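Each chain gets a letter, A, B, C and D, in the order it is written, and its residues are counted from 1.
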Amino acid sequence: MLLKRQIPIFIVMFFGFLTLFGWFIDQKQVKDFVDIHGLQWYGIISTFAIFLGIITLIKLQLIKILKKQKGWQYSIVAILGVVFSFTAGFIYKGNPNIEWGAHVIEKGTMFKWIFEFIFTPLSATMFALLAFFVASASYRAFRIRNFEATLLLISGMIIMIGRVPLGSSISSWFVLYLLVFILGITINSIFKNRNYTLISFSSGLIIVTLFGMYLGWPHDKPGIFFLPTLQEWIYKYPNVAGARSISIGIGLGIFATSIRYILGLEKSYIGE
Amino acid sequence: MIFNEIFGAWVAAFLTLAIFSFLYKDNPFYKIAEHAYIGISAGYWLSIGFWTIIQPNLLGRLWPSKEYSDLSPWYGLYNIFNSILPSIFPEGGIDKGHDMDLTYLIPFVIGIMMILSIFKRFNWMARWGIAYTVAIAAGLRAYGYLNSYILGQVKGTIVPLANTGNPIFHISDPSLFNNLIILIGTVTGLLYFFFSKEQTGTFGKITRVGIYFLMISFGASFGFAVMGRISLLIGRFVSLIDYSSAKYHHATIWVFLIMVILLAYSSYTEKKSPSSNI
Amino acid sequence: MRDKNFLIGAFIVFLIFLFLQITKPDLYISDRGLLLFLILLFGGILQFSTRHALRGGDVFLRTIPGVKAVEEAVGRSTEMGKPVLYVPGIQDMDQVETVAGVVILGHVSKMTARYETPLNVPVARSIVLKAAQEACKESYLVEGRSDIYNENMVHYVTDDQFAYAAGVNGIMNREKPAACLYMGKFYAESLLLAETGNSIGAIQIAGTASQSQIPFFVTACDYTLIGEEFFAASAYLSQKPDLLGIVKGQDIVKIVMLIMIIGGTLLRLFHDLGAINFNILDFLTITKG
Amino acid sequence: MQNISNFILKLSRVDRRWIFLIIGLSVLLPLFFPLGLPIRPTDTTQRVYDAFESLEPNSKVLLSCEYGPSTKPEIHPMVIALLHQLFEKNHKVYVSCLWPDGQFMADEALKEVAHLYNKQYGKDYVILGYKPGNEAIIKGMVRDLRAIFSTDVKGTKVEEIPMMEGIYKFEDFNFLFSASAGFPGSIEWMQYATDNTNVKMSTGTTSIMVNDIMPFVVSDQIQGILAGMPGAAEYEKLVGKKGIGTSGMDAQSIAHLVIVLFIIFGNIGYFIERNREKKY
């Protein structure tokens, strides 16, 4: 019981207090631990955990092969992959001029070759696949269910268009005319009366045109209808306000939970 | 152009296109690439972790070359390792610029326990490592988040409202209007996360304003996320175009053609035998 | 304020802090005093409200629509005779969100046990696998339905991010769950999950604190628990007084911060107008050290 | 009217492979046939530029590379454009990396730019290299840089590198630029280095991180931000050196337009469907 229960709790409380209050102590050993050793120890432990993960991975794939489950042939590829990169990492450098240890970060070794021509294209392409899924999701999943979702999608679309060069090619007057058009549609769907629609639509057109002639059709004025200016306003002010309240909330949530761990109020992570 | 690089370009072009082929449908090319990815990434991270953390920072502190002597039993143990695995334990101690620090035996032991927990009997051994991880995360994070996320953000929200020379309204530069937007948005947003009061009446109206700010912020995140995905796709296409040059013997084009032919053939045979259509 | 022990403890801690601030011994980095004060203050508030709740004090929490919807979603699955899919994020147990996700899973599995609805929990880490299995087993036991508990309802897919997402997508397409719950830490795969879930017409409820993924959930899911709401949800569902107390304490800390923001703005206004000499920004800046 | 809405409904149920094809082509075609849309620097990009312009000549700038090949398209063009600016103004560039891949990226960028300005390794720029340890490295550099970096990436002792004279800790630098694609990165630099010292920093990040960092930019904890590939293109424009960022912008513009149109069309279909459901 001592080994399974009391010691883990002691570890959490001791190191939690040490690293939290170590920030305020000007003493070499404590400072060294808080600044350097504490995290290096963590790095060491988490690297040992990778061994654990690999053993699990190989075990699962081997079971698949031995039981000839569906798609077991591909499990062979996975195991070969582990063996291949393990070989390059620990057994064969491929370049005698480079020392062990440096071979994982120096050019001209087999490990680096794996990195450049296998690991990089795979991870980058997996990421790039998301561009396609964003496109299909925007067609099929991003729905204007309520006012909140409308706000979200509209601010997203303004950022998307306003941030790229295309946005600065669109005149603010085009946006204004577009707004008049949307206004017309909205009035039509609310009142279902052709006359209202016609009146509001044409008066909108006339007002915008007169206004434009008066100002001499400047490309980027009035600023609120020029997408690059508008997106900048959105992302510097309302966006920051929203993001800030979330940040403070998350900061507070994490602080509260950390305190909970350090004081030993929450022990679910060690199976309590 | 060296053989290694040309061969590499072919491999890279194959893997890239194999992953992209998933867009057409799940197929053997994709499955090969996917499983190769799982296996290779596991070995890759293990090697990186071992050679950049365990060997220099752990072993390099337990047996530094600075304090090497043939006589000490501690280095006698090292010499045994040296005769078995000379690549990890080079002759004369490990020179990574560290002094000897035997406190590092603690993470060493905890790490070994972590691996041993694979056996059912030693299942509990993982708890020590988890406990240490949680402690470090909690202790260090609490300070950092309090300083940068809470105090820094609270400070940022204390906006000037007078005597700054800012205009009352300006769309993109600092102005009184924009400062008020930040103040109101942050305060109402924070109120939205208030749990001990029902969001009805006036309070409900205020928190609605908060939600609108949150939604605009999510919209911006959304726009930027889309932007990033597209940029990465551009990057991928640029390298595929690069690999299709004569320098690499038009790798992309050939691999693409072969894949299309094979996929077309397989869907042709599948149509013949409808039973395999699951 | 009848918690005598707490008051005495708080007073002693405050005296120690005062002593440090006044004498400034060599060992103490006094430039960071403000932060130490805040840690002690916020920590004290959280501790106090926990103790308050444990002693049976009143803890009221407003309803969160997303939390309420969880039960409805399970109910709908039962009616349709389809399984419930639960994804506890793709990170390990060292993330607060994952822990919260596993705790919520405990409550969801209680509902599925009650309604005898099949539950499917694919996970991405071996440690999460163990924790999630424990949570489900416990719930089925508590509901007296350990006869229908099956260890394979929680199963490991793979550690790799996109391979995991592909695996879960496969499950969705084959089993067509009526309810998909995503609770935990998510990265880029959030979109893949939500898009597929949307295409099979499932009720989707998401909860996460990953800021950049929330928009995808908000647009593609029926309900989303945002940031702090998500952490509160686990306390809300658990109904454990100490956890509820912490949430209540967070509210008090929020009030303190609102006072800091509004009071600070006023102080700055007076300062800028030349009415007072005290600069709040300098006070809040942690001097370098 | 009925026909049109039927048609739209039909379109909204189209196989998603057609969507994939359209988005793929809208990225690929502009790469072959550029449109040359004009680029306009945004305010936050301008702030980064101004921050570097206002540095005294011969300033010591720490450039921290925290990105790898998978995010190279977004960050790498920024680093190249920035190096042009720094070398032109004769600043000294120190490169450190918190990600192992960062040093290859930095090496590649320096090889491309340094020789154009006749800059020499060790005198005008140095790569200190990668050290594992995440935020511990940042904290260590703030306390004692030479304890963390006793040698540069080539193994030369720091004492023997001319430009390392007078550099003992993080505060001896004049400015920090963090080219960051995630953890550890800009946020950690801010939390553990610049928030605790008098050194200022700017950052260039992937698009997805922009919103996490933006509050810190507005509160002046970070001086400006280069946001993703468009940010890189804008910086290229300010510095006056066209690069990958600029050439990718047409594809980026078209793809964004296509996605916006998808959202609009998808929602029109959704509305029609919902209205019909109401009627029946």
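As a convention for this text, a residue touches a chain if its C-beta (ideal position, glycine included) is under 8 Å from a C-beta of that chain, and two chains touch if they have at least 3 such contacts.
Keep in mind that what you see is a predicted model, and the values were worked out from it rather than measured.
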(request) With one step meaning two chains touch, work out the least steps from chain A to chain C. (result) 1
(message) Based on mean C-alpha positions, I'd like to know which chain lies farthest from chain C.
(response) D
(request) Find the two chains joined by the most C-beta pairs in contact, please. (result) A-B
(message) Quick check for you: compute each chain's CA centroid and the global CA centroid, then name the chain with the smallest gap between them.
(response) A
(message) Roughly how far is chain A from chain D, centre to centre by C-alpha average, rounded to an integer in Å?
(response) 14
(message) Need the CA-centroid distance for the pair chain C / chain D, whole Å please.
(response) 31
(request) Please report how many Å separate the Cα centroid of chain A from that of chain B, as a whole number. (result) 10
(request) Give me the residues of chain B that touch two or more other chains. (result) 23, 34, 37-38, 41-42, 48, 52-53, 56-57, 126, 130, 133-134, 137, 140, 142-143, 146-148, 150, 153-157, 172, 182-183, 186-187, 190, 193, 214-215, 217-222, 224-227, 230, 232-233, 235-236
(message) Counting only residues that touch at least two other chains, what does the list for chain A look like?
(response) 20, 23, 38-40, 43, 52-53, 56-57, 104-105, 115-116, 120, 123-124, 126-127, 129-132, 134, 136, 138, 140, 142-143, 148-149, 152-153, 156-157, 160, 163-164, 232, 235-236, 239-240, 243-244, 246-250, 252, 254-255, 257, 259, 269, 271
(request) Check each residue of chain C and list the ones that touch at least two other chains. (result) 35, 39, 42, 93, 158-159, 211-212, 215-216, 218-219, 226-228, 250, 254, 257, 286
(message) Taking the touch definition from the header, please name the shape of the chain graph: line, ring, star, complete or other.
(response) complete
(request) Give every residue of chain B touching chain C within the complex, in rising order. (result) 34, 37-38, 41-42, 126, 130, 133-134, 137, 142-143, 146-147, 150-151, 154-155, 157-164, 183, 186-187, 190-191, 193-199, 214-215, 218-219, 221-222, 224-225
(message) Please output the residues of chain C touching chain B within their complex, sorted ascending.
(response) 34-35, 38-39, 42, 59-64, 93-94, 127, 158-160, 163, 166, 211-212, 214-216, 218-219, 226-229, 232, 247-248, 250-251, 254, 257-258, 260-262, 264-265, 268-269, 272-274, 280-281, 284-286
(message) Going by the contact rule set out above, which residues of chain D touch chain A in the complex?
(response) 12, 16, 19-20, 22-24, 27, 37-40, 42-44, 68-70, 72, 100-101, 103-104, 130, 132-136, 139-140, 143, 210-212, 214-215, 218, 227, 230, 233, 249-250, 252-260, 262-263, 265-267, 270
(request) Flag every residue of chain B that touches chain A in the complex, lowest number first. (result) 4, 8-9, 11-13, 15-16, 19-20, 22-23, 31-58, 87-88, 90, 101, 103-104, 106-108, 110-112, 114-115, 117-118, 124, 126-143, 145-146, 148-150, 153-154, 156-157, 171-172, 178, 181-190, 192-193, 210-227, 229-230, 232-233, 235-236, 239
(request) Would you mind writing out the residues of chain A in touch with chain C in their complex? (result) 20-21, 23-27, 52-53, 56-57, 60, 126-127, 129-130, 133-134, 136-137, 140-143, 148-149, 152-153, 156, 243, 246-250, 252-257, 259-260, 263, 265-266, 268-269, 271
